[in-house]
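Multiple structures follow.
Each of the next two complexes has subunit A plus one more chain, namely subunit B in the first and subunit C in the second.
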Partner chain A sequence: MAARVLQQCVRSFARPSLRLCTRNVAVRATATPAVFIHRPLSFAAESPRTRLFGQSRISVGVFCRQYGDLPPLTLETIKERVMYVLKLYDKINPEKLQTSSHFMKDLGLDSLDQVEIIMAMEDEFGFEIPDAEAEKLMTPEEIVQYIADKKDVYE
Partner chain B sequence: MASAFLTHQQKVLRLYKKSLRHLESWCVFRDKYRFYACLLRARFDENKNEKDMVKATLMLKAGEEEFWTNQHPQPYIFPDSPGGTSYERYECYKVPDWVLDYWHPSEKTMYPDYFSKREQWKKLRMQSWDREVAQLEAETLPGGPRTEALPPARKEGDLPPLWWQDVTRPRERPT
Partner chain C sequence: MRHSKLQQQVLVLYRQFLRAAQNKPGFIPRIRDEFRENARIKKTDVMHIEYLFRRGQRQLEQLRDANTKQLGSFSKPKGSG
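Moving on to the complex of A and B:
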(Lines of atoms letter the chains of each structure in order from A and count residues from 1; the text may use other names and numbers.)
(Lines give C-alpha, C1' and ligand atoms only; values in the text may rest on other atoms or scores of the structure.)
Protein backbone atom coordinates (compact mmCIF):
# COMPACT_ATOMS: atom_id res chain seq x y z
CA MET A 1 0.00 0.00 0.00
CA ALA A 2 2.78 2.36 0.89
CA ALA A 3 4.56 1.55 -2.35
CA ARG A 4 1.43 2.32 -4.40
CA VAL A 5 0.93 5.59 -2.57
CA LEU A 6 4.58 6.49 -3.14
CA GLN A 7 4.20 5.79 -6.87
CA GLN A 8 1.15 8.04 -7.14
CA CYS A 9 3.02 10.69 -5.21
CA VAL A 10 6.00 10.62 -7.55
CA ARG A 11 3.71 10.85 -10.57
CA SER A 12 1.85 13.81 -9.12
CA PHE A 13 5.11 15.53 -8.20
CA ALA A 14 6.43 15.06 -11.75
CA ARG A 15 3.47 17.02 -13.17
CA PRO A 16 3.81 20.83 -13.10
CA SER A 17 1.52 21.07 -10.11
CA LEU A 18 4.23 21.08 -7.53
CA ARG A 19 2.99 24.32 -6.08
CA LEU A 20 -0.41 22.91 -5.17
CA CYS A 21 1.13 19.76 -3.67
CA THR A 22 3.58 21.54 -1.45
CA ARG A 23 1.06 24.17 -0.44
CA ASN A 24 -1.47 21.54 0.44
CA VAL A 25 1.07 19.49 2.35
CA ALA A 26 2.21 22.56 4.24
CA VAL A 27 -1.38 23.54 5.07
CA ARG A 28 -2.23 20.06 6.25
CA ALA A 29 1.03 19.87 8.13
CA THR A 30 0.31 23.04 10.10
CA ALA A 31 -3.28 21.96 10.73
CA THR A 32 -2.54 18.47 12.01
CA PRO A 33 1.00 18.21 13.29
CA ALA A 34 0.42 14.98 15.12
CA VAL A 35 -0.93 13.15 12.05
CA PHE A 36 1.77 14.49 9.75
CA ILE A 37 4.14 11.63 10.37
CA HIS A 38 1.60 8.99 9.48
CA ARG A 39 -0.30 10.36 6.49
CA PRO A 40 1.44 13.07 4.50
CA LEU A 41 1.75 11.01 1.32
CA SER A 42 -1.90 10.06 1.05
CA PHE A 43 -3.02 13.67 1.31
CA ALA A 44 -0.55 14.70 -1.34
CA ALA A 45 -1.64 11.87 -3.62
CA GLU A 46 -5.36 12.51 -3.40
CA SER A 47 -5.70 16.26 -3.43
CA PRO A 48 -3.88 17.27 -6.65
CA ARG A 49 -5.83 14.75 -8.69
CA THR A 50 -9.19 15.81 -7.27
CA ARG A 51 -8.32 19.47 -7.65
CA LEU A 52 -6.82 19.49 -11.08
CA PHE A 53 -9.66 17.78 -12.88
CA GLY A 54 -11.73 20.88 -12.40
CA GLN A 55 -9.03 23.28 -13.55
CA SER A 56 -7.74 23.86 -17.03
CA ARG A 57 -4.10 23.09 -17.61
CA ILE A 58 -1.72 24.49 -20.19
CA SER A 59 -0.25 21.46 -21.89
CA VAL A 60 2.93 22.40 -23.71
CA GLY A 61 3.71 19.52 -26.01
CA VAL A 62 6.55 21.22 -27.90
CA PHE A 63 8.85 23.44 -25.86
CA CYS A 64 8.47 27.01 -27.04
CA ARG A 65 9.58 30.26 -25.45
CA GLN A 66 6.92 32.83 -24.74
CA TYR A 67 8.19 36.39 -24.59
CA GLY A 68 6.23 39.40 -23.49
CA ASP A 69 5.93 42.34 -25.87
CA LEU A 70 3.44 44.92 -27.06
CA PRO A 71 1.25 44.22 -30.11
CA PRO A 72 2.92 45.41 -33.33
CA LEU A 73 2.21 48.99 -34.39
CA THR A 74 0.44 49.86 -37.62
CA LEU A 75 -0.13 53.24 -39.20
CA GLU A 76 -3.84 53.14 -38.36
CA THR A 77 -3.27 52.34 -34.69
CA ILE A 78 -0.65 55.07 -34.38
CA LYS A 79 -3.05 57.55 -35.95
CA GLU A 80 -5.91 56.48 -33.67
CA ARG A 81 -3.78 56.78 -30.56
CA VAL A 82 -2.42 60.19 -31.57
CA MET A 83 -5.92 61.52 -32.28
CA TYR A 84 -7.24 60.02 -29.03
CA VAL A 85 -4.54 61.75 -26.97
CA LEU A 86 -5.15 65.02 -28.79
CA LYS A 87 -8.88 64.85 -28.19
CA LEU A 88 -8.24 64.40 -24.48
CA TYR A 89 -6.31 67.69 -24.39
CA ASP A 90 -8.64 70.36 -23.09
CA LYS A 91 -7.34 73.25 -25.18
CA ILE A 92 -8.26 71.49 -28.43
CA ASN A 93 -11.81 71.40 -29.77
CA PRO A 94 -12.42 67.73 -30.70
CA GLU A 95 -14.81 68.58 -33.55
CA LYS A 96 -12.31 70.81 -35.29
CA LEU A 97 -9.44 68.34 -34.99
CA GLN A 98 -8.21 66.69 -38.18
CA THR A 99 -4.97 64.99 -39.08
CA SER A 100 -3.86 67.97 -41.12
CA SER A 101 -4.82 70.69 -38.64
CA HIS A 102 -1.83 72.81 -37.74
CA PHE A 103 -1.42 73.39 -34.00
CA MET A 104 -0.50 77.04 -34.20
CA LYS A 105 -2.43 78.23 -37.26
CA ASP A 106 -5.64 76.14 -37.21
CA LEU A 107 -6.06 75.26 -33.56
CA GLY A 108 -4.58 78.44 -32.10
CA LEU A 109 -2.22 76.76 -29.70
CA ASP A 110 0.95 78.12 -28.13
CA SER A 111 4.52 76.81 -28.43
CA LEU A 112 4.28 75.77 -24.77
CA ASP A 113 1.13 73.83 -25.67
CA GLN A 114 3.01 72.16 -28.51
CA VAL A 115 5.71 71.10 -26.04
CA GLU A 116 3.01 69.62 -23.78
CA ILE A 117 1.47 67.78 -26.73
CA ILE A 118 4.84 66.29 -27.70
CA MET A 119 5.38 65.23 -24.07
CA ALA A 120 1.97 63.53 -24.11
CA MET A 121 2.99 61.68 -27.27
CA GLU A 122 6.24 60.60 -25.63
CA ASP A 123 4.27 59.27 -22.64
CA GLU A 124 1.82 57.49 -24.93
CA PHE A 125 4.37 55.69 -27.09
CA GLY A 126 7.08 55.26 -24.47
CA PHE A 127 10.09 56.78 -26.21
CA GLU A 128 11.65 60.20 -26.18
CA ILE A 129 11.40 62.67 -29.05
CA PRO A 130 14.49 64.94 -29.06
CA ASP A 131 13.92 68.68 -28.82
CA ALA A 132 15.49 69.46 -32.20
CA GLU A 133 12.96 67.27 -33.99
CA ALA A 134 10.07 67.91 -31.65
CA GLU A 135 9.86 71.63 -32.39
CA LYS A 136 9.25 70.89 -36.08
CA LEU A 137 6.23 68.60 -35.51
CA MET A 138 3.27 70.89 -36.02
CA THR A 139 0.43 68.68 -37.29
CA PRO A 140 -0.86 65.27 -36.15
CA GLU A 141 0.08 63.90 -39.57
CA GLU A 142 3.72 64.85 -39.03
CA ILE A 143 3.69 63.26 -35.59
CA VAL A 144 2.32 60.01 -37.02
CA GLN A 145 4.97 60.02 -39.76
CA TYR A 146 7.74 60.70 -37.26
CA ILE A 147 6.63 57.88 -34.95
CA ALA A 148 6.28 55.50 -37.90
CA ASP A 149 9.77 56.49 -39.02
CA LYS A 150 11.25 55.86 -35.59
CA LYS A 151 9.43 52.60 -34.98
CA ASP A 152 9.92 51.19 -38.52
CA VAL A 153 6.22 50.77 -39.28
CA TYR A 154 5.46 50.05 -42.95
CA GLU A 155 8.87 51.28 -43.87
CA MET B 1 17.92 74.00 -37.25
CA ALA B 2 20.26 76.00 -39.47
CA SER B 3 22.93 77.07 -37.04
CA ALA B 4 24.22 75.49 -33.87
CA PHE B 5 22.93 78.36 -31.71
CA LEU B 6 19.53 78.13 -30.08
CA THR B 7 17.07 80.99 -30.19
CA HIS B 8 15.65 82.38 -26.99
CA GLN B 9 12.32 80.68 -27.66
CA GLN B 10 14.00 77.32 -28.12
CA LYS B 11 15.91 77.71 -24.87
CA VAL B 12 12.75 78.59 -22.97
CA LEU B 13 10.89 75.61 -24.45
CA ARG B 14 13.72 73.23 -23.55
CA LEU B 15 13.77 74.55 -20.00
CA TYR B 16 9.99 74.06 -19.80
CA LYS B 17 10.19 70.49 -21.05
CA LYS B 18 13.00 69.37 -18.76
CA SER B 19 11.48 71.08 -15.76
CA LEU B 20 8.18 69.26 -16.44
CA ARG B 21 10.01 65.94 -16.71
CA HIS B 22 11.88 66.48 -13.44
CA LEU B 23 8.65 67.62 -11.81
CA GLU B 24 7.12 64.36 -12.99
CA SER B 25 9.99 62.50 -11.32
CA TRP B 26 9.41 64.35 -8.06
CA CYS B 27 5.59 64.15 -8.00
CA VAL B 28 4.96 60.48 -8.53
CA PHE B 29 1.16 60.55 -8.25
CA ARG B 30 -0.52 61.79 -11.38
CA ASP B 31 -3.03 64.23 -9.84
CA LYS B 32 -0.35 65.92 -7.74
CA TYR B 33 1.90 66.18 -10.80
CA ARG B 34 -0.97 67.67 -12.82
CA PHE B 35 -1.56 70.30 -10.14
CA TYR B 36 2.07 71.43 -9.94
CA ALA B 37 2.44 71.25 -13.73
CA CYS B 38 -0.44 73.70 -14.07
CA LEU B 39 1.22 76.02 -11.56
CA LEU B 40 4.48 75.83 -13.51
CA ARG B 41 2.65 76.53 -16.74
CA ALA B 42 1.06 79.61 -15.15
CA ARG B 43 4.50 80.85 -14.12
CA PHE B 44 5.74 80.47 -17.68
CA ASP B 45 2.60 82.07 -19.09
CA GLU B 46 2.69 85.27 -17.08
CA ASN B 47 6.14 86.15 -18.43
CA LYS B 48 5.75 84.94 -21.97
CA ASN B 49 4.88 88.32 -23.53
CA GLU B 50 8.04 90.04 -22.35
CA LYS B 51 9.47 92.18 -25.12
CA ASP B 52 12.66 93.33 -23.44
CA MET B 53 15.28 90.72 -24.39
CA VAL B 54 17.71 91.68 -21.62
CA LYS B 55 15.07 91.09 -18.96
CA ALA B 56 13.94 87.91 -20.73
CA THR B 57 17.46 86.45 -20.77
CA LEU B 58 17.91 87.35 -17.10
CA MET B 59 14.64 85.55 -16.29
CA LEU B 60 15.77 82.55 -18.35
CA LYS B 61 19.08 82.46 -16.46
CA ALA B 62 17.23 82.61 -13.13
CA GLY B 63 14.95 79.82 -14.34
CA GLU B 64 17.87 77.61 -15.32
CA GLU B 65 19.50 78.16 -11.93
CA GLU B 66 16.24 77.31 -10.17
CA PHE B 67 15.97 74.16 -12.30
CA TRP B 68 19.54 73.19 -11.36
CA THR B 69 18.89 73.51 -7.64
CA ASN B 70 15.53 71.69 -7.80
CA GLN B 71 16.36 68.91 -10.23
CA HIS B 72 15.68 65.27 -9.36
CA PRO B 73 18.80 63.15 -8.59
CA GLN B 74 17.46 60.21 -10.60
CA PRO B 75 14.97 61.55 -13.12
CA TYR B 76 12.85 59.21 -15.18
CA ILE B 77 14.68 58.57 -18.43
CA PHE B 78 12.90 56.71 -21.19
CA PRO B 79 14.40 53.29 -21.91
CA ASP B 80 15.52 54.14 -25.42
CA SER B 81 17.02 57.54 -24.65
CA PRO B 82 20.66 58.03 -23.73
CA GLY B 83 21.09 57.07 -20.08
CA GLY B 84 18.08 54.77 -20.16
CA THR B 85 18.07 51.04 -19.53
CA SER B 86 17.52 49.96 -23.11
CA TYR B 87 19.78 52.51 -24.83
CA GLU B 88 21.86 50.87 -27.57
CA ARG B 89 20.89 47.49 -26.17
CA TYR B 90 20.17 46.04 -29.61
CA GLU B 91 23.12 47.71 -31.36
CA CYS B 92 25.05 44.47 -31.47
CA TYR B 93 22.22 42.73 -33.33
CA LYS B 94 21.86 45.32 -36.04
CA VAL B 95 23.24 44.00 -39.33
CA PRO B 96 24.81 46.34 -41.93
CA ASP B 97 23.28 46.39 -45.38
CA TRP B 98 26.27 45.04 -47.33
CA VAL B 99 25.38 41.62 -45.94
CA LEU B 100 22.48 41.61 -48.40
CA ASP B 101 24.97 41.27 -51.21
CA TYR B 102 26.07 37.93 -49.83
CA TRP B 103 22.60 36.37 -49.93
CA HIS B 104 22.07 33.29 -52.07
CA PRO B 105 19.97 33.91 -55.21
CA SER B 106 17.26 31.60 -53.90
CA GLU B 107 16.99 33.86 -50.86
CA LYS B 108 16.98 36.95 -53.02
CA THR B 109 13.99 35.70 -54.99
CA MET B 110 11.95 35.96 -51.82
CA TYR B 111 12.13 39.76 -52.13
CA PRO B 112 12.15 40.42 -55.88
CA ASP B 113 10.92 44.03 -55.70
CA TYR B 114 13.76 45.16 -53.53
CA PHE B 115 16.56 43.29 -55.20
CA SER B 116 15.55 44.32 -58.70
CA LYS B 117 16.09 47.96 -57.73
CA ARG B 118 19.05 47.48 -55.42
CA GLU B 119 21.64 47.58 -58.19
CA GLN B 120 20.31 50.91 -59.44
CA TRP B 121 20.42 52.36 -55.94
CA LYS B 122 24.00 51.22 -55.56
CA LYS B 123 24.95 52.79 -58.87
CA LEU B 124 23.33 56.05 -57.73
CA ARG B 125 25.33 55.86 -54.54
CA MET B 126 28.57 55.39 -56.49
CA GLN B 127 27.81 58.45 -58.58
CA SER B 128 26.90 60.79 -55.75
CA TRP B 129 29.61 59.64 -53.32
CA ASP B 130 32.31 61.99 -54.59
CA ARG B 131 30.02 64.99 -54.44
CA GLU B 132 28.94 64.11 -50.88
CA VAL B 133 32.55 63.78 -49.72
CA ALA B 134 33.45 67.05 -51.40
CA GLN B 135 30.55 68.83 -49.70
CA LEU B 136 31.47 67.42 -46.30
CA GLU B 137 35.11 68.35 -46.70
CA ALA B 138 34.18 71.85 -47.73
CA GLU B 139 31.81 72.35 -44.84
CA THR B 140 33.73 70.82 -41.94
CA LEU B 141 35.56 73.22 -39.68
CA PRO B 142 39.37 72.98 -39.68
CA GLY B 143 39.51 71.52 -36.17
CA GLY B 144 37.18 68.66 -37.07
CA PRO B 145 33.38 68.36 -36.82
CA ARG B 146 31.78 69.64 -33.61
CA THR B 147 28.54 67.66 -33.73
CA GLU B 148 27.29 64.47 -35.31
CA ALA B 149 24.61 66.37 -37.23
CA LEU B 150 25.04 66.19 -40.99
CA PRO B 151 24.41 69.22 -43.21
CA PRO B 152 21.62 68.99 -45.81
CA ALA B 153 22.29 69.05 -49.55
CA ARG B 154 23.19 72.55 -50.69
CA LYS B 155 23.11 72.32 -54.49
CA GLU B 156 20.22 71.42 -56.74
CA GLY B 157 20.04 67.78 -57.80
CA ASP B 158 22.44 66.75 -55.05
CA LEU B 159 21.70 64.12 -52.43
CA PRO B 160 22.31 64.86 -48.73
CA PRO B 161 25.71 63.60 -47.55
CA LEU B 162 25.88 60.03 -46.22
CA TRP B 163 22.27 59.39 -47.26
CA TRP B 164 22.97 55.71 -47.87
CA GLN B 165 23.50 55.07 -44.17
CA ASP B 166 20.17 56.60 -43.33
CA VAL B 167 18.22 54.92 -46.13
CA THR B 168 19.62 51.44 -45.45
CA ARG B 169 19.71 51.69 -41.67
CA PRO B 170 18.68 48.54 -39.77
CA ARG B 171 15.46 48.35 -37.79
CA GLU B 172 15.25 49.85 -34.31
CA ARG B 173 14.47 46.44 -32.80
CA PRO B 174 16.19 43.78 -34.88
CA THR B 175 14.50 40.48 -34.08
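Moving on to the complex of A and C:
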Protein backbone atom coordinates (compact mmCIF):
# COMPACT_ATOMS: atom_id res chain seq x y z
CA MET A 1 0.00 0.00 0.00
CA ALA A 2 2.84 2.30 0.70
CA ALA A 3 4.16 1.68 -2.77
CA ARG A 4 0.86 2.60 -4.36
CA VAL A 5 0.85 5.72 -2.31
CA LEU A 6 4.34 6.55 -3.46
CA GLN A 7 3.28 6.14 -7.04
CA GLN A 8 0.42 8.54 -6.61
CA CYS A 9 2.81 10.92 -5.01
CA VAL A 10 5.18 10.73 -7.95
CA ARG A 11 2.47 11.18 -10.52
CA SER A 12 1.07 14.22 -8.81
CA PHE A 13 4.55 15.59 -8.51
CA ALA A 14 5.28 15.03 -12.16
CA ARG A 15 2.19 16.94 -13.08
CA PRO A 16 2.79 20.67 -12.57
CA SER A 17 0.08 21.04 -10.01
CA LEU A 18 0.09 22.92 -6.76
CA ARG A 19 -1.77 20.31 -4.74
CA LEU A 20 1.27 18.41 -3.76
CA CYS A 21 0.46 14.99 -2.39
CA THR A 22 -2.71 16.17 -0.72
CA ARG A 23 -4.28 12.79 -1.29
CA ASN A 24 -1.34 11.15 0.35
CA VAL A 25 -1.58 13.17 3.47
CA ALA A 26 -5.07 11.88 4.01
CA VAL A 27 -4.24 8.31 3.08
CA ARG A 28 -1.16 7.89 5.17
CA ALA A 29 -1.94 7.63 8.81
CA THR A 30 1.65 7.56 9.98
CA ALA A 31 4.17 9.75 8.28
CA THR A 32 6.29 7.72 5.97
CA PRO A 33 9.07 10.16 5.57
CA ALA A 34 10.34 11.91 2.51
CA VAL A 35 11.76 10.06 -0.40
CA PHE A 36 13.86 12.06 -2.80
CA ILE A 37 12.91 12.68 -6.43
CA HIS A 38 15.65 13.09 -8.96
CA ARG A 39 13.85 13.70 -12.21
CA PRO A 40 10.07 13.37 -12.38
CA LEU A 41 9.87 12.05 -15.92
CA SER A 42 12.51 9.41 -15.60
CA PHE A 43 11.06 8.33 -12.34
CA ALA A 44 7.74 7.45 -13.89
CA ALA A 45 9.60 4.86 -15.90
CA GLU A 46 11.13 3.45 -12.76
CA SER A 47 7.86 3.15 -10.92
CA PRO A 48 7.40 -0.61 -11.49
CA ARG A 49 10.67 -1.01 -9.69
CA THR A 50 9.52 0.90 -6.65
CA ARG A 51 6.77 -1.61 -6.17
CA LEU A 52 9.43 -4.05 -5.17
CA PHE A 53 10.97 -1.72 -2.67
CA GLY A 54 7.82 -1.04 -0.75
CA GLN A 55 8.82 0.22 2.65
CA SER A 56 12.44 1.05 2.02
CA ARG A 57 13.38 4.66 2.13
CA ILE A 58 16.67 5.97 0.92
CA SER A 59 17.11 3.64 -2.03
CA VAL A 60 13.96 4.93 -3.73
CA GLY A 61 14.22 8.44 -5.06
CA VAL A 62 11.01 10.41 -4.59
CA PHE A 63 10.74 13.50 -2.45
CA CYS A 64 7.22 14.17 -1.32
CA ARG A 65 6.80 17.18 0.90
CA GLN A 66 3.96 17.14 3.34
CA TYR A 67 2.78 20.62 4.17
CA GLY A 68 1.15 21.10 7.52
CA ASP A 69 -1.78 23.46 7.55
CA LEU A 70 -4.65 24.42 9.78
CA PRO A 71 -7.99 22.67 9.28
CA PRO A 72 -10.07 24.40 6.61
CA LEU A 73 -12.48 27.08 7.77
CA THR A 74 -16.18 26.57 7.23
CA LEU A 75 -19.06 28.60 8.60
CA GLU A 76 -19.77 25.80 11.07
CA THR A 77 -16.24 25.64 12.45
CA ILE A 78 -16.02 29.41 12.71
CA LYS A 79 -19.27 29.49 14.62
CA GLU A 80 -18.14 26.72 16.97
CA ARG A 81 -14.88 28.43 17.71
CA VAL A 82 -16.53 31.80 18.29
CA MET A 83 -19.07 30.27 20.69
CA TYR A 84 -16.35 28.32 22.46
CA VAL A 85 -14.28 31.43 23.07
CA LEU A 86 -17.35 33.29 24.29
CA LYS A 87 -18.24 30.54 26.72
CA LEU A 88 -14.78 30.79 28.21
CA TYR A 89 -15.25 34.48 28.93
CA ASP A 90 -16.07 34.86 32.58
CA LYS A 91 -18.58 37.66 32.28
CA ILE A 92 -20.87 35.72 29.99
CA ASN A 93 -23.38 33.24 31.32
CA PRO A 94 -23.02 30.19 29.02
CA GLU A 95 -26.67 29.23 29.34
CA LYS A 96 -27.94 32.54 28.09
CA LEU A 97 -25.58 32.64 25.14
CA GLN A 98 -27.03 32.28 21.66
CA THR A 99 -25.70 33.27 18.29
CA SER A 100 -28.12 36.13 18.13
CA SER A 101 -27.62 37.47 21.62
CA HIS A 102 -26.58 41.08 21.61
CA PHE A 103 -23.62 41.77 23.88
CA MET A 104 -24.99 44.95 25.31
CA LYS A 105 -28.74 44.48 25.22
CA ASP A 106 -29.07 40.76 26.00
CA LEU A 107 -25.91 39.88 27.86
CA GLY A 108 -25.45 43.12 29.76
CA LEU A 109 -21.86 43.74 28.76
CA ASP A 110 -20.39 47.14 28.09
CA SER A 111 -18.03 48.51 25.49
CA LEU A 112 -14.88 47.62 27.45
CA ASP A 113 -16.02 43.99 27.53
CA GLN A 114 -16.75 44.12 23.85
CA VAL A 115 -13.17 45.27 23.22
CA GLU A 116 -11.89 42.32 25.23
CA ILE A 117 -14.11 39.91 23.33
CA ILE A 118 -12.92 41.19 19.96
CA MET A 119 -9.33 40.88 21.12
CA ALA A 120 -9.98 37.28 22.12
CA MET A 121 -11.37 36.68 18.64
CA GLU A 122 -8.28 38.23 17.09
CA ASP A 123 -6.11 35.87 19.10
CA GLU A 124 -8.24 32.87 18.24
CA PHE A 125 -8.27 33.43 14.51
CA GLY A 126 -4.87 34.99 14.19
CA PHE A 127 -5.60 38.21 12.33
CA GLU A 128 -6.08 41.84 13.26
CA ILE A 129 -9.50 43.41 13.30
CA PRO A 130 -9.32 47.21 12.88
CA ASP A 131 -11.07 49.35 15.49
CA ALA A 132 -13.56 50.94 13.15
CA GLU A 133 -15.00 47.59 12.21
CA ALA A 134 -14.53 46.02 15.61
CA GLU A 135 -16.90 48.37 17.37
CA LYS A 136 -19.76 47.40 15.09
CA LEU A 137 -19.64 43.70 15.95
CA MET A 138 -22.31 43.29 18.58
CA THR A 139 -23.56 39.72 18.28
CA PRO A 140 -21.79 36.40 17.78
CA GLU A 141 -23.57 36.08 14.44
CA GLU A 142 -22.04 39.32 13.21
CA ILE A 143 -18.60 38.17 14.30
CA VAL A 144 -19.00 34.93 12.39
CA GLN A 145 -20.12 36.82 9.29
CA TYR A 146 -17.25 39.24 9.54
CA ILE A 147 -14.63 36.51 9.89
CA ALA A 148 -16.16 34.52 7.05
CA ASP A 149 -16.02 37.68 4.99
CA LYS A 150 -12.40 38.35 5.75
CA LYS A 151 -11.30 34.79 5.29
CA ASP A 152 -13.29 34.24 2.10
CA VAL A 153 -15.39 31.39 3.41
CA TYR A 154 -18.46 30.75 1.31
CA GLU A 155 -21.12 28.11 1.55
CA MET B 1 -23.94 52.15 19.04
CA ARG B 2 -22.53 55.59 18.47
CA HIS B 3 -19.50 56.41 20.54
CA SER B 4 -18.20 59.93 20.80
CA LYS B 5 -14.64 60.66 19.72
CA LEU B 6 -13.41 60.61 23.27
CA GLN B 7 -15.10 57.29 23.97
CA GLN B 8 -13.50 55.81 20.90
CA GLN B 9 -10.10 57.05 22.00
CA VAL B 10 -10.58 55.51 25.41
CA LEU B 11 -11.49 52.17 23.85
CA VAL B 12 -8.44 52.32 21.60
CA LEU B 13 -6.31 53.07 24.63
CA TYR B 14 -7.83 50.10 26.45
CA ARG B 15 -7.02 47.82 23.56
CA GLN B 16 -3.46 49.11 23.40
CA PHE B 17 -3.03 48.52 27.10
CA LEU B 18 -4.26 44.97 26.90
CA ARG B 19 -1.97 44.21 24.00
CA ALA B 20 1.06 45.75 25.66
CA ALA B 21 0.43 43.89 28.91
CA GLN B 22 0.05 40.45 27.39
CA ASN B 23 3.44 39.11 28.26
CA LYS B 24 3.93 40.92 31.51
CA PRO B 25 2.37 39.27 34.51
CA GLY B 26 0.22 41.19 36.94
CA PHE B 27 -0.92 44.10 34.82
CA ILE B 28 -4.13 42.85 33.29
CA PRO B 29 -6.28 42.74 36.44
CA ARG B 30 -5.08 46.18 37.41
CA ILE B 31 -5.82 47.61 33.98
CA ARG B 32 -9.27 46.10 33.89
CA ASP B 33 -10.15 47.32 37.36
CA GLU B 34 -8.88 50.80 36.66
CA PHE B 35 -10.85 51.18 33.45
CA ARG B 36 -13.94 49.64 35.00
CA GLU B 37 -13.76 52.00 37.95
CA ASN B 38 -13.33 55.08 35.79
CA ALA B 39 -16.11 54.04 33.45
CA ARG B 40 -18.48 55.29 36.10
CA ILE B 41 -17.58 58.92 35.48
CA LYS B 42 -20.29 60.95 33.85
CA LYS B 43 -19.90 61.58 30.16
CA THR B 44 -20.16 65.31 30.73
CA ASP B 45 -17.16 65.52 33.03
CA VAL B 46 -14.81 65.98 30.11
CA MET B 47 -11.98 67.57 32.09
CA HIS B 48 -11.62 64.58 34.35
CA ILE B 49 -11.86 62.12 31.48
CA GLU B 50 -9.23 63.93 29.48
CA TYR B 51 -6.94 64.09 32.49
CA LEU B 52 -7.26 60.34 33.03
CA PHE B 53 -6.75 59.77 29.33
CA ARG B 54 -3.46 61.68 29.29
CA ARG B 55 -2.38 59.88 32.43
CA GLY B 56 -3.23 56.59 30.79
CA GLN B 57 -1.13 57.43 27.76
CA ARG B 58 1.87 58.17 29.91
CA GLN B 59 1.36 54.92 31.80
CA LEU B 60 1.09 53.06 28.53
CA GLU B 61 4.48 54.39 27.51
CA GLN B 62 5.92 53.20 30.80
CA LEU B 63 4.35 49.82 30.28
CA ARG B 64 5.73 49.49 26.80
CA ASP B 65 9.21 50.27 27.95
CA ALA B 66 11.30 47.13 27.78
CA ASN B 67 12.49 47.55 31.32
CA THR B 68 9.06 47.06 32.83
CA LYS B 69 8.68 43.44 33.69
CA GLN B 70 5.82 42.87 36.03
CA LEU B 71 3.49 44.42 38.53
CA GLY B 72 2.82 43.35 42.07
CA SER B 73 1.07 44.86 45.02
CA PHE B 74 0.86 44.49 48.75
CA SER B 75 -2.42 44.11 50.48
CA LYS B 76 -3.25 44.23 54.11
CA PRO B 77 -4.64 40.91 55.35
CA LYS B 78 -8.13 41.14 56.77
CA GLY B 79 -8.43 41.02 60.52
CA SER B 80 -4.94 42.15 61.42
CA GLY B 81 -3.47 45.44 62.48
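Convention: the second predicted complex is superposed on the first by the 91 of 155 C-alpha atoms of A that agree within 3 Å, B and C clash if a C-alpha of one lies under 4 Å from a C-alpha of the other, contacts with A are read in each partner's own complex, and residues count from 1 in each chain.
Simple rule for what comes next: a contact is a pair of C-beta atoms (placed from the backbone, for glycine too) under 8 Å apart; a residue touches a chain by one contact, two chains touch by 3 or more.
From a predicted model like this one, the values you see are computed outputs, not experimental measurements.
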- Task: With both structures superposed, pick whichever of subunit B and subunit C touches the larger number of subunit A residues.
- Result: B
- In the overlay, answer first, second, both or neither for which of subunit B and subunit C A:Lys150 touches. first
- After superposition on the shared chain, which partner residues are touched by A:Phe127: those of subunit B (first), subunit C (second), both, or neither? first
- Contacts of A:Met138 with subunit B and subunit C, given as first, second, both or neither: second
- Message: One more residue to check, A:Val85. First (subunit B), second (subunit C), both or neither?
- Response: neither
- Query: In the superposed arrangement, does A:Val115 touch subunit B (first), subunit C (second), both or neither?
  - Reply: both
- Query: If you stack the two complexes on chain A, which partner ends up touching A:Leu97: first (subunit B), second (subunit C), both, or neither?
  - Reply: neither
- Message: So in the superposed three-chain picture, is A:Leu73 touching just subunit B, just subunit C, both, or none of them (first/second/both/neither)?
- Response: neither
- Hey, what residues of subunit A end up touching subunit B and subunit C alike? 110-112, 115-116, 119, 131, 135
- Query: Given the complex with subunit A, which residues does subunit C contribute to the contact?
  - Reply: 1, 3, 7-8, 11-12, 14-15, 18-19, 32, 35-36, 39
- Would you pull the subunit A residues touching subunit C in the complex into a rising list? 104, 110-112, 115-116, 119, 131, 135, 138
- Message: Which stretch or stretches of subunit B touch subunit A in the complex?
- Response: 1, 9-10, 13-14, 16-17, 20-21, 41, 44-45, 48, 77-81, 171-173
- Message: Looking at the complex, which residues from subunit A come into contact with subunit B?
- Response: 110-112, 115-116, 118-119, 122, 126-128, 131-132, 135, 150-152, 155
